[in-house]
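Below, chain A partners chain B and then partners chain C, in two separate complexes.
Up next, the complex of A and B:
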């Protein structure tokens, strides 16, 4: 990787970059104009760590996930930027066969609502074999053996779940099956888009526990896309906060949660009711979540909901700047917020 | 005041065909009461019967046993057509504000349909319908003039949920049953919807039954009310909200509270926090014992054989309302504690 590239986790000397996103811009072309779903996103995904990408609806987090797979579909279009993977080069340049061998064997993905993505007419085990066939996996028995190991690892009875049809499994089991299908080809990167959204609290905590331990066991690089700060806080090492297609804050989860520097991050953390402590501390965030059609072309995207708004915010979009070792914030007023 | 006594709901078995299933006992003798202007949060996993309970309260579902009494009138004793006005006073707010509003009708239309019936009953004219719509939309924090002629697609999820709440208010309800009312709304908007519900409770003395799996939201709504934990159609623990959260005695309540994510850096996990990985799929406990026994790590032979009833917890420190259904009630400290910092948010 180039020497001029900043590494977000540079507090950690050994941090290596697995995936490097530079100036990534995705435009959605519609009848009423062009809207940037991602606007010059710069990001380093650190190897063997869990990076969480968090944001509300319309923040561009799922588009970012698709762009990492070079999967942005019409009417969206990547107009600028690159997604470099160590050893694989710019993913956005991959086509055809090379792309197919990238998606799956290199980056295993669990898409949003993937518990409903299985073929209802085929047994789960068969679908895993199909997966192996489409990736020219030579030894089907080994593949099933791997799936059995993973199922056992995830507290499921392999002989039961692999011979079952999807409707015979509970939501939590299907979600874990989705993770197994993403991992069975032994990728080195695991991309999870809202992996626990439709799950119960108890199942969610168990699935998160499994994700964390499998991540450690298999030395994966995990990218977790979610809207839930709690999920982020529970499992991730690094956090990337997105708002209206821009990265507004990024850093280690511990530092960012303890000392959030962007007004949006602060407001969202304060808007979550907690189980203990004073409930009157919780404050709702004013305004509505970002609507892509109404994002101002100039200035800060968050200013209409921001209590630290200054004249400068209307004119110039703030750049993502380092405020601490490995902690980046895009805010003009960052210095004032500290006090 | 609404009292629910030993409410039972059994979905009959379906025999033959693809969708055959055994009899499902959704509610197994649930007794609860909601005072006027009170707040009750019901928590539990999916399949615990919490949605069925809400639907029965709102009159959308029949019940197989037990009784509901409203202001002392037992609804079982009334003929069907006389029950309706009672059930009308309990309104349900659904989880999904995207499907709760007809996309081809304006907000005014959505509001006017129930109001027209009210206008007829109260002998009011059309102006009253318009004015009342505006008044209700303003009450839920929307701009009446800007919202009235919009279609649902032009509103955000939070705004739609406010419209749904305003529509529920058209019939002057005594109780709002909010079934996962904020789980589909963006995180930054959730708190303001919760605040709206609490605000309506104070201003209009409307009781709130808040059904959720998010314990923190349940606490937020029922901070001065009660919390009820349902497991497979049974109340396993019940009492003042903060007492249940700080001193839960049922292992299932403890598991639910443990599952709440800890904001690392801001909070530290409770010392007794335990997340069960095993047995998360074994829902079908057999036999006559405690329903939670197959998943419980504290279960003994007695739990497998006998069924614990809901009894008051007689402990010096507990309030009289704290009830539990466990043979071995031991309070455990499972919830996360905020870490004290000078620079607190």
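Up next, the complex of A and C:
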């Protein structure tokens, strides 16, 4: 199956696709109507690379993460599209045991609320053993040994953290435990949803460093969901910018950050204060984050906050089009945007 | 560990003080009750031709204090008697010590209510889990409706209804009395069988009327736990449904354990309605008799026992919690 996943327009000739998302649409059904949290998302996650998915709250980035695990739950529903994994086929078709053994051993996940991602009534080591039992690990000692090694790597005392209850660990330790629980089953894909949100800057950079070195060492494919452009710039190879459930720009991190083409990407990059130079040069993003209930049915979803708005933007939704090798932008005015 | 023992010690001392406070309250309640039952009893005895001194001695043995002494002396005397576990003597069962009556009634209640409680707890929490997990299906709706309905029926209507259906319309179970009087008591198969047959309806009445509350409480608790991050996390880590259910059940059951422990405490009040309707000679039946006959010493004794049981249950619940929930420090 893996060989079927074609790479489209990538500057790197050796790039292979680990996960191919096509036309993915997720609708949230509420009392006041149906709202698309994801709208025809097309995306290739490149093997052995770190892909960052960026966006404000409400952009659909966490829903995308859940959809990759086939974990979109009521009131959300996948209405269209596919998530193809090399060797595993369309994940959205997986059910029961096959789905259960996909989550964990194939894709390890670190959750947005990693602080509370462990059962408060069981010791951490016990929960790792529960993971092993769930995925038919023959040798529980080996699993614990692996967890101990990872804990040591993350500068924690294994004998202490594995025998502790979650409440006895600090926030940063719990976050690192979350990463250990994602890695202990040796998955080939690591899905991180805001892995450093609750951490102070020093712990944050330490955790990112660990993620990056383990990514390299284990030849992982890493998907990093974040709103933090600094984190993106620091660790990712590819970047996917999302707005109101759509991919608006996508490309290698290097190209995209150096030469952002979508007005939204440009705006969020401009909003970052620089360490050197005038603080006033940072421009806050005008308007409010996308509200799923207010998204217009036709036209560009970003137009109400866009300074390049043209009559065409009200009528037709722009398609994601290639502007350079491996660099895609969904904007009618793309050609006009220059500094 | 010594800290832990110290804490238990503190709780027990506090409990004893509370029991003493409640028994004092009971004393004054009896004393200020309209009609002054103590004086009335003394007068009745004197009118019956019993010499005043002997009458005083009788009243003293019943109530544990002498009416003509100043209030504080009476009070101290009463407390002294309570501290010696002397609850006085019953009026309606003339001369029988209250303690004796309560101890005789206790096993009936313990067997009936404890079984009923266990049955309603186990069935109730199981139904609560199913009602919560399947809350978007017909099964969940049905269980919710059933538990709300059963929760709304008062115990005495449930008892009367069961009695009417199963003893009058369908003569499946015997009505009234704790066992068949024709069988001589003893550790024999016919006698135990008769005991069980007579206990079925009271236990069922207790269990069915308790079921709704457990199911509703568990449903609410499970629903809240299901929304917790660690349950979703476990699902997305591919943890098996059975292990996940264990996570859910343990976390959801935590708040219910307090209610369960307190229920075991309140059990010593028996179930007045059920025991009275089925002529079941437990504590509830005894309290009802005492109320009807204005048997104040017996009432005092029964209330004191309920107080003590509930306070002990509170202490047990507190200690149990430190074992069940690691987040509560064992200081």
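One rule holds for everything that comes next: the second predicted complex is superposed on the first by the 329 of 339 C-alpha atoms of A that agree within 3 Å, B and C clash if a C-alpha of one lies under 4 Å from a C-alpha of the other, contacts with A are read in each partner's own complex, and residues count from 1 in each chain.
Keep this in mind: contacts are C-beta pairs under 8 Å (C-beta built on N, C-alpha and C of every residue); 3 or more make two chains touch, one makes a residue touch a chain.
None of the values given here were measured: they were computed from a predicted structure.
Undergrad: For A:165, select first, second, both or neither according to whether it touches chain B, chain C, the two together, or no partner.
TA: A:165 sits against chain C, while chain B stays out of touch.
Undergrad: Quick check for you: in the superposed arrangement, does A:181 touch first (chain B), second (chain C), both or neither?
TA: A:181 sits against chain C, while chain B stays out of touch.
Undergrad: On chain A, which partner touches more residues: chain B or chain C?
TA: Answer, by number of touched residues of chain A: B.
Undergrad: State whether A:100 touches chain B only (first), chain C only (second), both chains, or neither.
TA: second
Undergrad: With both complexes superposed on chain A, which partner does A:117 reach: first (chain B), second (chain C), both or neither?
TA: second
Undergrad: Examine A:258 and indicate which partner it touches, taking first as chain B and second as chain C; both and neither are also allowed.
TA: A:258 sits against chain B, while chain C stays out of touch.
Undergrad: Quick check for you: in the superposed arrangement, does A:223 touch first (chain B), second (chain C), both or neither?
TA: Neither partner.
Undergrad: With both complexes overlaid on chain A, does A:133 touch chain B (first), chain C (second), both or neither?
TA: So A:133 only meets chain C here.
Undergrad: What part of chain A is shared between its chain B contacts and its chain C contacts?
TA: Looking at chain A, the two contact sets are disjoint.
Undergrad: In the complex of these two chains, what residues of chain C are touching chain A?
TA: 136, 228-230, 232-240, 243, 247, 250-251, 254, 324-327
Undergrad: Under the touch definition given earlier, write down the residues of chain A that touch chain B in their complex.
TA: 56-57, 155-156, 170-173, 200-206, 208-210, 227-231, 233-234, 253-260, 266-277, 279, 281-285, 288-289, 291
Undergrad: Using the touch definition up top, name the residues of chain A that touch chain C in the complex.
TA: Residues of chain A touching chain C: 66, 69, 71, 73-74, 99-105, 108-109, 111, 113, 116-122, 130-131, 133-135, 165, 167, 181-182.
Undergrad: Could you list, by residue number, the parts of chain B that touch chain A in their complex?
TA: 45-46, 156-159, 186-192, 194-195, 213-217, 219-220, 223, 245-246, 255-267, 275-278, 280-281, 283, 335-338, 341, 343, 345
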